[in-house]
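Residue numbering begins at 1 within each chain, and the chains themselves are lettered A, B, C, D, E, F, G, H, I and J in the order written.
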Amino acid sequence: MTRAELTEKIVAHKTFNDIKWKDVATAVGQSKEWVTAALMGQISLTKEQAIAAGNAMGLNFSDEELALLMTVPYRGSIATAVPTDPLIYRLYEVVAVYGTTMKALIEEEFGDGIMSAIDFTMDIQREENPAGDRVKIEMTGKFLPYKTF
Amino acid sequence: MTRAELTEKIVAHKTFNDIKWKDVATAVGQSKEWVTAALMGQISLTKEQAIAAGNAMGLNFSDEELALLMTVPYRGSIATAVPTDPLIYRLYEVVAVYGTTMKALIEEEFGDGIMSAIDFTMDIQREENPAGDRVKIEMTGKFLPYKTF
Amino acid sequence: MTRAELTEKIVAHKTFNDIKWKDVATAVGQSKEWVTAALMGQISLTKEQAIAAGNAMGLNFSDEELALLMTVPYRGSIATAVPTDPLIYRLYEVVAVYGTTMKALIEEEFGDGIMSAIDFTMDIQREENPAGDRVKIEMTGKFLPYKTF
Amino acid sequence: MTRAELTEKIVAHKTFNDIKWKDVATAVGQSKEWVTAALMGQISLTKEQAIAAGNAMGLNFSDEELALLMTVPYRGSIATAVPTDPLIYRLYEVVAVYGTTMKALIEEEFGDGIMSAIDFTMDIQREENPAGDRVKIEMTGKFLPYKTF
Amino acid sequence: MTRAELTEKIVAHKTFNDIKWKDVATAVGQSKEWVTAALMGQISLTKEQAIAAGNAMGLNFSDEELALLMTVPYRGSIATAVPTDPLIYRLYEVVAVYGTTMKALIEEEFGDGIMSAIDFTMDIQREENPAGDRVKIEMTGKFLPYKTF
Amino acid sequence: MTRAELTEKIVAHKTFNDIKWKDVATAVGQSKEWVTAALMGQISLTKEQAIAAGNAMGLNFSDEELALLMTVPYRGSIATAVPTDPLIYRLYEVVAVYGTTMKALIEEEFGDGIMSAIDFTMDIQREENPAGDRVKIEMTGKFLPYKTF
Amino acid sequence: MTRAELTEKIVAHKTFNDIKWKDVATAVGQSKEWVTAALMGQISLTKEQAIAAGNAMGLNFSDEELALLMTVPYRGSIATAVPTDPLIYRLYEVVAVYGTTMKALIEEEFGDGIMSAIDFTMDIQREENPAGDRVKIEMTGKFLPYKTF
Amino acid sequence: MTRAELTEKIVAHKTFNDIKWKDVATAVGQSKEWVTAALMGQISLTKEQAIAAGNAMGLNFSDEELALLMTVPYRGSIATAVPTDPLIYRLYEVVAVYGTTMKALIEEEFGDGIMSAIDFTMDIQREENPAGDRVKIEMTGKFLPYKTF
Amino acid sequence: MTRAELTEKIVAHKTFNDIKWKDVATAVGQSKEWVTAALMGQISLTKEQAIAAGNAMGLNFSDEELALLMTVPYRGSIATAVPTDPLIYRLYEVVAVYGTTMKALIEEEFGDGIMSAIDFTMDIQREENPAGDRVKIEMTGKFLPYKTF
Amino acid sequence: MTRAELTEKIVAHKTFNDIKWKDVATAVGQSKEWVTAALMGQISLTKEQAIAAGNAMGLNFSDEELALLMTVPYRGSIATAVPTDPLIYRLYEVVAVYGTTMKALIEEEFGDGIMSAIDFTMDIQREENPAGDRVKIEMTGKFLPYKTF
C-alpha cells in the first residue's frame, strides 16, 4: 500500500459515511486545516494522533497504515506542475496573475525577503454575503529577511 | 515598446526614486493591491487612471505607453509554470502542498464548486509579532457552485 | 480500484452491451452531457443517482464503486496538457488558434472579465446539413467581471 | 517587423482610439469573429481586405504590414501549451474537464470521427439573463468520419 | 486488463508464433495498415471483426478483450510527445524538418487549409532498388479549405 | 540578421509579389520540395543556387544573406516539440496515431531497422477527386537495417 | 518488487520502530550519509553490507531484496526535475539562485573546471545557535580542470 | 537595458581586465559570495554599494544601471529547470541523487521542517589535497520546524 | 510481465550471482555490447539467441519471456529526456556541450549529412593510464549524405 | 553582442570564405576539436588564442568580442533538451538507446563510477570503407569511482 492509496481509502470512506473533517480534527486535537492536510498525505502524525484519527472515522488502521501516517511524507499534493482541478487551479491562477504584485508589496513593506511557507498558518472560513457567500482564506507566514553573508 | 518593457521602466523608476506603491494608489483612488497589479501589467487602467499614476510617479506617459496601460493584458505575471523567485515560489508551494486540503475543506463547507479568482479581493498586511513580524495575506472569492445542466 | 479503473469498466460495459448515454441520463434525471461527465469521472453523483445509473446500465455497483462515484473528483479528463486524441485535440486547437480572438470579442462586448466554466452549460447536437452533418456545440457561461479591490 | 509586433500595434491603436472590432468587420465584409481572428494573426487577408481593415481603423498599412497580413500565418495564438490568461484558460479548462465527455457523446451520435476545426464556424453572443448576463459561444464543425483504408 | 496490456499480448503472441499482419488483415477483410492500427489500439473494430482477428491469430478473445477492441480508443500510440524509438522518430523528424515546407507547398497548390488526417489513407510498400531497397509511404488526405465565417 | 529573419523576409516578399515556389525551383534547377525547404532554412544552398534563387524572386541577396543561405543550418523548422499550426499538426498526428502501426509493418516487411530521413525523397501532389481533391504525399527512404556488432 | 517499493518498506519500518539511520550506519561500518543514501536507493551495497543493514533494522532481507540492494541503481532520488518537497526544494533553490555565483567563484579560484559530484563527500550536522539551531551541510568535491585536447 | 544585459557587461569587463570578485567584495564591504551574487543579478544593492562596486571595477554605472542593481530582482540565475552548464549541473546532481538522503538525515536530527534558503550563508573555499585540491562548499541555514496550526 | 520487468529480473539475477555480460555474450555468439543492449531491452534476439542467453545465465526463460526478448522493442532505455543517472548524464552532457562542434567537424570533413545511429558499431574498452585508467568509447557510423530531391 | 551572435558571425564568415576549422586550429596550436568547440562558444580562449584565431580567419576581433571569447561560457550548445538537428539528434539517440548498456558495461569493467566528461578527449576521423565511408568518434574519459564517505 502506498500513501496515495491510503489517502484514497480515507477519502472514499469519509464520503460514503458522510464524516466531517472538523469532527476528525476535534478528535485529534488540532485545527481542521492541519488534520485534513495530514490525512491528505502532506503532514506526519504521531502514532497517537493517527490512532485517534482512525477511531474518529471508524477506520481501524493497520500497523502498515499507521507507519505511513507517521512517516514524514515527500510533500506535493498535486500530480502536475500546473493543477488541472478547477478549484485548485484558481489558487494557482492567483499566484500566476498576482505573484509579482504580492512580491512588490511585501518587499515595499518588509524589505527583501520572503513569507515563510513553513512557519505558516492557514484558516479557511465561510464569509456570508447577500451577493453570494464567499470563501475567505487567511494565511500568515513569518517574514524572513535575506541576510548578507 | 512591449508591456514587459514598460513594467521594467516603471519598477526601475520607482526603485531609483524611492516612490511608494501606496502613494501611487492614493493618487489613482484604488487599493495598493489593485494599482500595483495594474502597473505590473495584470490589470487595465482607464486613460484617467493611467495619467494619474504617471503623474504620481513623475513619469509623463507617452500615448503609446498609455495605450499599453489601457489594454486588457494577456495575464500571467511569471515567466515559467513553476516560479523561480523564492518569494513567489513560497506562494506556489502553498498550493502544491495544501491544494488538496483547501479543496477538501471548501467542498465540505460549501459543496462542489470553486472560489472565484475573478470576483476576488486580496489584502496584504504586516502583522506585528514579538517572535518576528508576519506577512498576512487575506483573500476572499465568491463561492461558485457547479450546477447541473 | 481507482476512479480511472471504474471509468474503464463502465465504458467497456457500455460498448459491449450497446447502452446509450442518453438512456442512462434519462434514468438519472439529468442531461446526457452532465451524466456522461459524471460517469467519465468529472462530476460527483449522489448515492441515489449513482444507484440509478448502475441500474440503468445493468451494473450493480459495489459500495466501493458507489463511494468513488459520490466523491468530488480531482478533475481533469485528459492525460497530458496537450491531448493526443484527434477528436479532443480539435477542441484544443480551437482554443489554441482562436483563444485570443474570443478574448478580444468577449472583452469588447462585456468589458474585462471571463466566461465562467463553473456556472456553465453545454449542449451537443447534430445539425443536419446536405453538405455533411455538423456537430454543434453550444456553451454558455455567466460573464464574471473583474472587480476593483 | 514580426506579425506579433503588428498585432500589438493594431490592438494598442484600437484600444487608444476605442475602435470596435465589429465596425472593422463591417468594412471588411466578414463576421466580427473572422476579422478579429485575422487581425490577431490567425487568418490571412487578401490585399483588398487588409487595406479595408486598415482604412476602417485609421491605420495606413505599409507594404511590409500588408505582406504580413496577407501571409498564411503559422497558427497558434497563445504562447504556452496551457494558457495563463484567465479568460482563455477557462476555455482550455472546458476541454480538460469535459473533453472525454464531448468525445463520448459525439461518438455516440455520429460514430467514430471528429468535429472539424477547419470547416468550422464560431459565433459569440451576449445572452441576457436576470441572474447575470451570459456569454454564449456556438461552434459548428462538419463531422468527419474515420474511414477504413 | 487495459488496452495497452491487450496490445502487448497480441504483439508477443504474433512474434512468438510468427503470424503476419497481412494474413490477419485478409481474415478481417481490410487493408494491412488499417487492421494493424486497430490491433495496435488506435482504431475500433466491430465485434465480428474482433472475433475474426482473434481467430486468425489463434487467440480466443474473452468478452473483456472484445469490449476493449470494440471501444473507440483514446488515440495516441506513442508514450511521449517526441518519440524515442528510432524508426518512429525518423517520421517525426520529417515533420520537424520539412513541416514548414509541406505547409508552404500545400498552401501554394490549394490555398489556405489542411490535409485531413481523418479522411485519410496510408499505404506502405517496399520499393526495390539496386542501391538498397526503400520504404515507400504514400499518404492521401482530403484537402479541407478554411472557410470564412 | 538571423536565418529566421531571412526566412520571414523571403516569405513576405513571395506573398506580396505572388511568386511561385515552383518557378524559383525551376531557376535553381531542383525540385520544388527541395528548394522550398532550402529557402525555409532547412537545407544549405551553394553560392550559385542562392544567387539564382534571389534573382528568380527579384531579391538581390547581400553577402550576409548569401552566407546564411550557404551555411548548413541547425535544422528544425517548428518552434515547439508539438506543432501548433493545424496543417503541420495533422502531419504530427499521423505519427502520433499511426507511428506504431508503421513500425510494425515496416519491421514485418524488412526486419529490424528504420526508414532513412536522410537518404530520403518527398513529393507533394494534388490528386483530383470528385469527392474533393486530395493532398498526396509520397515519401521514400532507404531502409537501413540494424546490424549486429 | 521494485527498488522504490523496497525503499518505502525500509522507511516505513524505520519510522514505525523508531530506528536511527546512524545506528544502521554503525552496523554497516560507514557514515550515516552514505548508508542512508544506499538504503534510499542511490548507492549499491555489498552482500555483507546489505545483510548487516537488514540485521541492524530487524529486517531479514530476502534474496530478491538483497539483489536489489546490491545492484548499482539507476540514480535519481526525486520524481520530477524540480522537486516538490519543500525541504528538497530549498536545496534546489540554492542552485537556482546561487548557481552562477558558485560557478563564478570556483572558476576565479581554480580556473575552468568543475567540482566533482563523484569524488565527493557530504556531511550534515546540527550547529547550535541561540537564534535557532542551524543545519550545516558541508560538501567537498575534487576540482577537475577542463583539459585541452 | 535589462538586468541580464548588465550582468553580461559586468562579467565581460571583469574577464577582459582580470578583476577579482574578492577585490570588488572588499570595496563593497561584504563577502565575495554575497557581492558576486549581487552582481550576477540575484541580490539587490544599495545605491552606495552599487556605486562602490562600479568604482572598484572601473565601471561608471549610469543611473539606469544603478536602478537595475538596486531593484530586488526576480531571482533565478539559470535559464532552464535543469542546468546545462556542467559546473552548475554537478550541484543539481547532488540534489537529484542525495536529496532524499539529506531530507532523511535532517528530519532524523531536527524533526519535520526545512533548512532555510533565506536565513542562509554560503562559503566556498579551496581545500588543499595531495590527491588534487578540492572545492569545499559550506552552507548553513536556520532550521525551520513545521508548526501545527 | 512487461519487458521492463524482465530487464529488472535479468539484472538482479546477474548481480546476485555475479554473472558477466561478456560470458553471456560468448554464449550467444555476439559482442558484449550487442548482447547487453539486447538483454537491456533495446535489441531483439532470435529464439535461439534468447534460449542461449538464458542458459548462460542459469535462467530458464518461459515462452512469455522468450516472446518479449524476440519482439522488436519500442526503443528508448532511459525514463526521461534528460537522464538523471550520473554515468548516463555524462554521455548526454557530451552531446549537450560538444554537439555543435561534432556537427561542424563532420560537415567540414564529409559535407552535409549525418553519422548513422543504425549502421553503427560501438566498442567500450579500459585504457590503462598511470594517471588513472580511462574509459574509451569508440563509435563508428556510416556517413549518410543528404541528397537533393 | 551576445556570445550566440558572435558564434553566428564566425560561422557565416567561415562558410562564405571557405575557411577550414583545422587551419584555424593549427594557428591556435590546439586540436581541431578543441578549437572548434571554443569558437562554437563552449570553451574559453586566452587573449592570445583568441587573437590568433581571429587572425587566422581574417576577422579582427574587437575588445568586446575578445572578452566574450575569453569568458568561461555558460555551457550548453543546443537550444532544447532534445536536439532537433538530425546530425546532433543521432548522437542523442545513441545515449537514449544504448545509455543503459554503456552503464552496465562500464560498471562491469570498472565498478561503480562514471566516465568523466571533463578529463575527457574527443577525436573525430573519417574511416574509409568500400561500403561507404564512416564517421569514427573516439572519446576517452578518466574513470572516476564513487567513493564511500
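As a working rule, a residue touches a chain if its C-beta (ideal position, glycine included) is under 8 Å from a C-beta of that chain, and two chains touch if they have at least 3 such contacts.
If you're wondering where the values come from, they're calculated on a predicted model, not measured in any experiment.
**Q** Please give the intersection of the contact partners of chain F with those of chain J.
**A** Chains in contact with chain F as well as chain J: E, I.
**Q** When contacts are scored as defined above, which chain pair ends up with more C-beta pairs, H-I or D-E?
**A** D-E is joined by more C-beta pairs in contact.
**Q** CA centre of chain A versus CA centre of chain F: separation in Å?
**A** Taking the average C-alpha coordinate of chain A and of chain F, the gap between them is 53 Å.
**Q** Cα centroid separation between chain B and chain H, in whole Å?
**A** 28
**Q** Compute the distance, rounded to whole Å, between the mean C-alpha positions of chain A and chain E.
**A** Taking the mean C-alpha position of each chain, the two centres sit 46 Å apart.
**Q** Among all residues of chain F, which ones touch two or more of the remaining chains?
**A** Within chain F, the residues that touch at least two other chains are 11, 33, 74-76, 81-82, 84-86, 93, 96-97, 100, 103, 107, 113-114, 116-118, 120, 122, 144.
**Q** Chain pairs that touch, all of them, please.
**A** A-B, A-C, A-D, A-G, A-H, B-C, B-D, B-G, B-H, C-D, C-E, C-F, D-E, D-F, E-F, E-I, E-J, F-I, F-J, G-H, G-I, G-J, H-I, H-J, I-J
**Q** Could you please specify the touching residues of chain H with respect to chain I in the complex?
**A** Touch list, chain H to chain I: 82, 84, 86, 89, 93, 96-97.
**Q** Inside the complex, what are the residues of chain A that reach chain G?
**A** Counting only chain A, the residues touching chain G are 2, 63-64, 66-68, 70-71, 74-76, 81, 117-118.
**Q** What part of chain C is in contact with chain E in the complex they form?
**A** Contacts found on chain C: 8, 11-13, 15-16, 79-80, 82, 84-86, 88.
**Q** Residues of chain B touching chain A in their complex?
**A** 11, 20-22, 32-33, 36-37, 40, 42, 75-78, 81-83, 85-88, 90-110, 113-117, 120, 122, 124, 126-127, 129, 131-144
**Q** Quick one: in the complex, what on chain I touches chain F?
**A** 30-31, 33-34, 43-44, 72, 74, 100, 103, 107, 112-114, 116, 118-123, 144-149
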